[in-house]
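Note that chain A is present in both complexes that follow, paired respectively with chain B and with chain C.
Let's look at the complex of A and B:
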């Protein structure tokens, strides 16, 4: 008898996804980016509902393109899809995230009484999301991201409006930033986790708004990093960093920020600031807040467009 | 009217207006003296219901009460939103299990909204009817499968909402007999099977 409890693999043999190695010029990478992932998850090109140009700080010619769409999963109460396109002629390979919100629904019978909404977050990398293939079980970095995401969202939700109910927020990273071979070689994945968290916060915030769960504000994620330039002695702060672009990343900071209240619900700081430098922790945090203000513009534009389109 | 200064669409965090001029309705909250949207949707302003008759002569100085302010609410049109049973709501529930002291039901509709998830409720023996509570027998009031109109009296414990049918309008509204036929109510405490002619005891809701 066929196994109906699990999602079984195809009966015949399949080809594993092949990722390009090494340096590629921009033109050939643009062909690769969608094709490498498509045979596995059968994605259709998603029509861009909203695009927002966030400014890349120190390099004014380069922009980061974000696409956000809500209501992509019909079976969930709320859902959102975020795509960060790779920058032209650069190293990063973009990021694709999807978030589904299930609930509010009744708690299991064994759960204790709660006058508030019980929030549970799950962040999962798809096995093919990064160059280093991931397992199906949650590993420690995914648990870490879930905890950060939960803290970030808990500060924004009005939990006492939903007594005795539970909400599950599931973020799946379809494509992580470090799909490239260089990322593995140069060990910069640890910095990419920051960008992933920023994307998780943004996509989850849009999905919660889509699900109609009360929030005090639309929380958005933003990342800033202190990087050393190629000659190695000049440090500067960049927003939305791509670790591969820079010689080395000294410190990075990811915030979850409520723009209308001017509050930070989650702050993650990593790395060491050089003693001599004129940069301090506050300056890095305030630049990360600046980045999340930019992301907030994307969320509000996308959400406004979503309700505008259901009107007619 | 000041409606034109309000945004027509709101996302969570959008400031809608000062709390001194408006009252906060569903989908909003008050922060820093302002009504702030907490949902994604369209902004609605409902003016207060005018009290009939001539205005009362003021005999003391009072701040304008909540009833005199327009209510701002944020509602997403064309999209059903999950609702929770709340104290005072009239709900429709299906009886799933009977116990000597209580009946376990599953709430399926709150007001006019059909729920996406099932919430469990309990009707205790003392909440079945308003009079002669000591003579109530659960087995003579409900049967598994009945549809009951009830009122939420408490959020209850971790698993159950507490419901009450202690009113003429509340009680069983749909029942099937042992033979499997739909029954019709014939009195305040009996349903009758039109095919077999057998009547069964229930706590019957007054037909509206």
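Let's look at the complex of A and C:
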């Protein structure tokens, strides 16, 4: 039975376009050192999404490219927009996320008593966010991301300051990564989920700061991956990995990290480490922590800039 | 300046929005011009800004922002073989778009765009209404041409497949040789990022802008694999010649309940925000197209209340206002390339 509350389109299924000519340029990790991360944050008090391009002018000396703005949705208590620019020489494979925070507000009468703030997170891909069109109902990967995000944020919020109240955090992924057809063919989307989670944590953290909800620290997401080189027997760890830039990804790790307390609130490790290699789990986690330190510096810089510009 | 007594302006506005809006529209002294709670003059609209092609996965996209209402529209094209369409008739060349449901608009408000729209539940009544309105306006306005969505194939001759030239171009119909093998289906997804009143105007403008931005890949049918293959080279834009624009206004009567006699005094508030929408019962939406200098009205819908008379709807001021609004949107859409 089709969902009658939406416009469903033709009765039988439709197929996304299949291309028979290859993509024009091959992906490579050029112009980026193994431990360089892409992000660079920028915050404006009441910014327009339309004008994000202009912020990049003064940032060209850095290798990191990321855009972060708060206050996109004025009716919400807090909101943020995060954009990670596509890589050099490629068009359109960046990541765009928005996050809105509603609350803290009183729980409905029917809800049981809670001495802490009740946090609910919701991550949703827009139908046009990925290569394959997504439906409006949440699938399991989106629910998985929501759960990870909730754990990551729960450790940072001071929940007992708001008894009997609830906060809703909604992250919408307007554009995910991996535009390219070979991303589907090479089955690397599973690694992109890590990057998406890292982005979700970062954008939610900025939105919480915008909403003025007390936290022990600004949590930030970071991703590191163990990748194999072309010949297949030499492995190395890279920060902020893009699966398409490498021959193969062996393992990846995403952490949510509180730099001032040196605590990890959420850790997600995926993949298998080679037995003979000189890398262990700790080294991968510590590199992911290093990536989130980088992101954190950029968030706090842009948040303090936002505060500065509202006071002027 | 009278000394401030009791409540501050913003507190009063929150506690008692209706008298506050009325007091602003009817200032006690002549020195202050009548204004709305948001500082706009009654007929003043929020200037739209449009950003095209911001999404890379979609075939066409647009971001439209009017004040605090922000909507993003992404259009994805998918193919459907005619043999899979139930009740397909090759002779039908007039009503393909609606008969085969080739346009699929959907609106999502539950992105936390406003505190009342939180995800988790089914689409709200407002979201369903808006989707249906966009759907019916897409069909009734005849914005798109069915021939842009057709994918042609020529039945190969016995010996060789001589002519590989396909696509939705001008066809020279040789009897029984060239036929429509598939259609493009356009999925039009509208996501509200921020919601502050007047959703339909913004959503419709985003739809029109995204359709004008949409480029479909060159497609041909592969009979061996029985599927449509596309080429990345020179995608073909859709033919969208007209530019219908929707203009909405609400009518504020100065009476909080309908039981009170309205003494004939009312204000027409153009491009309402959330607060004004909640205070007014009567809404009028006019869809107008001024392309090429002539003014064409595609639809007028008016709901609730009896204040807005036919005379007023056809008055010069009202239509002039709609034309100005059309120019605002049209220049924002065409100027953002």
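Throughout what follows, the second predicted complex is superposed on the first by the 246 of 312 C-alpha atoms of A that agree within 3 Å, B and C clash if a C-alpha of one lies under 4 Å from a C-alpha of the other, contacts with A are read in each partner's own complex, and residues count from 1 in each chain.
Here is the rule we use: a residue touches a chain if its C-beta (ideal position, glycine included) is under 8 Å from a C-beta of that chain, and two chains touch if they have at least 3 such contacts.
Quick caveat, the model's predicted, so the values are computed rather than measured.
*Asks:* Give the label of whichever partner, chain B or chain C, reaches more residues of chain A.
*Replies:* C
*Asks:* Applying the document's definition of touch, where does A:143 land relative to chain B and chain C: first, second, both, or neither?
*Replies:* In the superposition, A:143 touches no partner, neither chain B nor chain C.
*Asks:* Please indicate which partner A:308 is in contact with in the superposed arrangement: first for chain B, second for chain C, both, or neither.
*Replies:* After superposition on chain A, A:308 lies in contact with chain B alone.
*Asks:* Which of the two partners, first being chain B and second being chain C, lies in contact with A:168: first, second, both, or neither?
*Replies:* In the superposed model, A:168 contacts chain C only, not chain B.
*Asks:* Could you look at A:258 and tell me whether it touches chain B, chain C, both or neither (first, second, both, neither)?
*Replies:* The answer is first: A:258 touches chain B but not chain C.
*Asks:* With both complexes overlaid on chain A, does A:104 touch chain B (first), chain C (second), both or neither?
*Replies:* first
*Asks:* Please indicate which partner A:74 is in contact with in the superposed arrangement: first for chain B, second for chain C, both, or neither.
*Replies:* The second partner, chain C, only.
*Asks:* Using the touch rule from the top, collect the residues of chain A that touch chain C in their complex.
*Replies:* My answer: residues 5-21, 23-24, 48-50, 72-76, 79, 86, 91-94, 96, 98, 100-102, 122, 124, 126-131, 133, 136, 168, 170, 172, 174-176, 179.
*Asks:* Provide the residue numbers of chain A that touch chain B in the complex, in ascending order.
*Replies:* Those in contact with chain B are residues 77, 103-107, 109, 111-115, 156, 158, 162-165, 209-212, 214-218, 258-261, 299-300, 303-304, 306-308, 310-311.
*Asks:* Please name which positions on chain B make contact with chain A in the complex.
*Replies:* 9, 11-15, 27, 29, 31, 36, 38-42, 76-79, 81-82, 84, 116-120, 155, 157-159
*Asks:* Mind listing the chain C positions that touch chain A in their complex?
*Replies:* Going by the criterion above, the answer is residues 49-51, 54-58, 61, 63, 65, 68, 70, 72, 74-80, 84-86, 100-102, 104-106, 108, 111-115, 118-120, 122-123, 128, 131-132, 135, 185, 187, 189, 191, 193-196, 217, 219, 227-233, 274.
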